[in-house]
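For reference, the structures are reproduced in the following blocks.
Shared between the two complexes below is chain A, which pairs with chain B and chain C, respectively.
What follows is the complex of A and B.
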């Protein structure tokens, strides 16, 4: 049972650098929370503050109902997996894993039992007497995990633990890490800049940018209903498409006037309602749409926007077609068999149940 | 095939890179042979003879070969064993003190405080002085009549330099004063190489300060500490100039091996006997350092 609560957390370095700005967040018991954001967004600083390796400038950190803000890392029951492993170089795998138990003065036979059990679970029992220097990257990562797992802490903090592994192995480790988390039954906080990792592993994702928490929610919600332009673009590969537009009200009801060519775009009743209720008529908006929600036709169709094919990116199982609409690029996901020639006319429309509308000025969504 | 042969043999060009390198290295090699390698071998030959540099020499008459006679006489002399023990005591005390103090100072200088650079620089100064000068300076410093040392510490009139019961320890103090910075410098280099993340990992693993020191700091600094130890043992074992400046060559000088070597060779002019003693010291130093170097290689691996 361990819940982590951050209250108005602020971490400042020197006078000018504010790494984390007023962060409020609760990580539930046994949850796998992913802190996601571009580099320099404050996610690692947040993690280090939770661990006690950094002392926050302001705010509180509550671990399991207890205020630990001023406690040192050694006084909090947490384990930290470092990005570059930080294994003790002169100790063997066995000693590395035994170290956190030894500092707790656990009896020798008990230590032995725990280390061997954990090593077996991580499939590193054959390299117990090797030093880190003689280990491959993946094995080093497993040892680092083993050192964290062996003491069964309340909270696991992982700082981009698989960022340095090669791609194929990273995929394997993703599954393994998630399984370990479930088996260990502890709360995990996982920092990464890789949105694929975040989507595939997180129970919930907290997206950060420039020290500010943008959105915290389950992966599919973050994907489908991003709260602002940053989250919409950061999540997804490629990210969400944005087209500038203005909401207008005519005789036949509310519609969108698309920039730059002023084409009218019919929208769903639900969107009409949102626009009218929100008082967004005649306001500058941004329409956001996922590549898979872009409908492409190579014949002229009523109510579709006219674009031209700019680039075709072959992805294997599908293709991404970059369509030029004025100066805006709209990326559409099409079947692998569709490979239009460049400069070809294409007509697009969007799945209106799935588009998101954002306010151009505030960059926040106007939908709930 | 033919053309390369021509280049190498027929067209010898003294200005080619390879040849230029040889010209530059040659003077050093000649000098080394003349003042280092030749005397080394010549003294080895002398150590198996009976010879005094002061005596008139006619080639073929003097030096007179006496085999291992010098060595046997040396090792049979009960006095020489006292000197070995004294030298050993000296090495252990001074090098031990230097290692502990030097590493300790380096640890203290890890904390960032104002004037840290200035203090490190000042601490290194003793090392940059000539040992004879250091000896002479401390002789004045520790003078029983008007020296500052006794006065500041309020110790009365202790004769640090000339009292044969204590002057060995005085020299140990001076040696520590002079060479602690050397150990400190190497330790600082070692300490700066310890990755910060290891300390963080140990902090998360709930290690105590002592445990971090034993498990992270010491093992990481160990190779550099060994290098410092090797240098210091070598130097301390053959210490001569410092006691020479500090005590002088009177009878009260502490019975150290190198002092004895000097006495035999240049005061009583038993040159070949001195050469034999020199070789015995060389063998001991090589033995000690090769053991230490073995540990060093293990640590590096």
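What follows is the complex of A and C.
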């Protein structure tokens, strides 16, 4: 089917606004790639450039080995599912879905066959003669998908297609979309700002911020080994905890001096190695740790940091405890049965095999 | 639960009375024209006017015909009167005239229809395309262009009557259909661009983008997706352009004499041998009102419907 390659893609609006900065990325054949980032990070602009709705300022878009940078949207054989569906309001569901086929000079009975087949697959065959304004949100979504699926394009581009649905339905659509992608066997690029969607659907995730690609990798790598503070914080719910610290070398080897109270924290040998090899001793670092990797004790323990309970967030199957360490809030994930009183002393330590260290200045990780 | 009280008492009465008064004031001229057009000749100038009378279509026959008076020494005999066609008899009994031939009204009416419909059509095509361009594309100096287009409406048209007259005389457009069509188009197109731009701005650009991704060129997307959405705007614009061109008097009066003369320019010349024929003038006015009414009523559905954007959640 199709591989999409972006080479040094730059998109600038006017003189000052650079929406996408020098983006290099390859989307593999049949891959489900999620473009993830906060609003205004350039993910939609990237998607629109791939579709041909925006002409890049610089760089190339290669589709299946062919340079399509200057090709019109209509000539690229790419389907786009819009955030607000953009169903043609004066056409019925049937006509909406037949519309992309009509321009291909397909015979009428073939069009009919394809439309009905796709409608059946999406379970919208009972609303074929309704106009969009008589459809519920979820059905509109399905029709929009149907219109994209019906002509079997090389690439699917989806711009936050389930962002406006309500929560319960969104979960259902997530599974359904992934299944459709597998069934259709096409390459899909999916834009979202919702990291849960990204984690659950993406074969790979490309995290963008301020027009720059931060990291592109499989979901668990992005989660476990974020390359910088932005990715670490953006991924995960809640995101990674950050505690400022300095690496120091003493008689017993390398350890971390935590801010603000100067408590010493033992680290794993692997981390020691990284710090020494990277010449990071005496440098300002940021320690990043996922809430589930925070070990909490309500009795004083040697080598633990002293904190106090600030807020307890009940999540149902688990609780998130916000612990105040100096001015820093460390969120820890604890079993649902643990519901400490506020202001209570708590002692924490981290799973040192899973913490990430970042350079405070560059905000990039010092680990590989 | 407290309910919003229906407006009661004196306020409501005053409102109704005011509405009735305004309706009567607005409709009275129309009523008077229609009423006059059906009056028998003898009662047209009667004072005080009678509201009730036996209606006659004499005025309509007169506006459609050219007539001469019977000379006093050559009045038709009783037998000749019996021989007359019914409409000839009505005219004879009313104004003592003889019908010479069919009048100019049908020709003038056709002129008006041709000129106004063509100019409205051209205005809509040009206006919609220009508005689409302004609405969707980056146009250098867009605001300046739009202001320039608007500024063509800032002088009263009558001010340029003389220059246009001289210009048209020089290039041979006086008394031609094309001359008036061009003129009315030029006047209306600025209005059309502005109104249509407003309507097109309201149509989300995603529709066209979807169509373009679906394999259609921009023009096809415009034709198949944007135009059906813009029908309401087009209808409203068309009604205004039609009415302006249909009622235009000053230029029609000055630039046309015969071949391309429109109804408003022609109607005031309908003097009978017995002085100004108010009945015929009223009959002509009633006939003149009909197309504007029909056109408006035909498009009324679009005028009141408003724009519905069913498929995009806002």
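Some observations on this one:
The criterion applied here is as follows: the second predicted complex is superposed on the first by the 368 of 368 C-alpha atoms of A that agree within 3 Å, B and C clash if a C-alpha of one lies under 4 Å from a C-alpha of the other, contacts with A are read in each partner's own complex, and residues count from 1 in each chain.
In this text, a residue touches a chain if its C-beta (ideal position, glycine included) is under 8 Å from a C-beta of that chain, and two chains touch if they have at least 3 such contacts.
Fair warning: this is a prediction, and the values are worked out from it, not measured in the lab.
Once the two complexes are overlaid through chain A, chain B and chain C clash, as defined at the top of the document. Of the two partner chains placed around the shared chain by superposition, chain C is the only one that A:132 touches, whereas chain B remains out of contact.
After overlaying the two complexes on the shared chain, residue contacts for A:103 are found with chain B and with chain C alike. When the shared chain is aligned, chain B and chain C each come close enough to touch A:72. Applying the stated contact rule after C-alpha superposition, one finds that A:314 touches neither chain B nor chain C. When the two complexes are overlaid, the chain among chain B and chain C that reaches more residues of chain A is C. When the two complexes are superposed on chain A, the residues of chain A that touch both chain B and chain C are 51-53, 72-74, 78-80, 82, 84, 86-90, 99-100, 103-104, 147, 151. Here chain A touches chain C in the complex through residues 51-53, 72-74, 78-80, 82, 84-90, 99-100, 103-104, 131-134, 137, 140, 147, 151, 164, going by the rule given at the top. Listing the residues of chain A that touch chain B in their complex gives 51-53, 72-74, 78-80, 82, 84, 86-91, 99-100, 103-104, 147, 151.
Interface residues of chain B facing chain A in the complex, by the touch rule stated above, are 195, 197-198, 200-208, 211, 215-216, 219-220. Considering their complex, residues 204, 206-207, 209-217, 220, 225, 228-229, 308-314 of chain C touch chain A.
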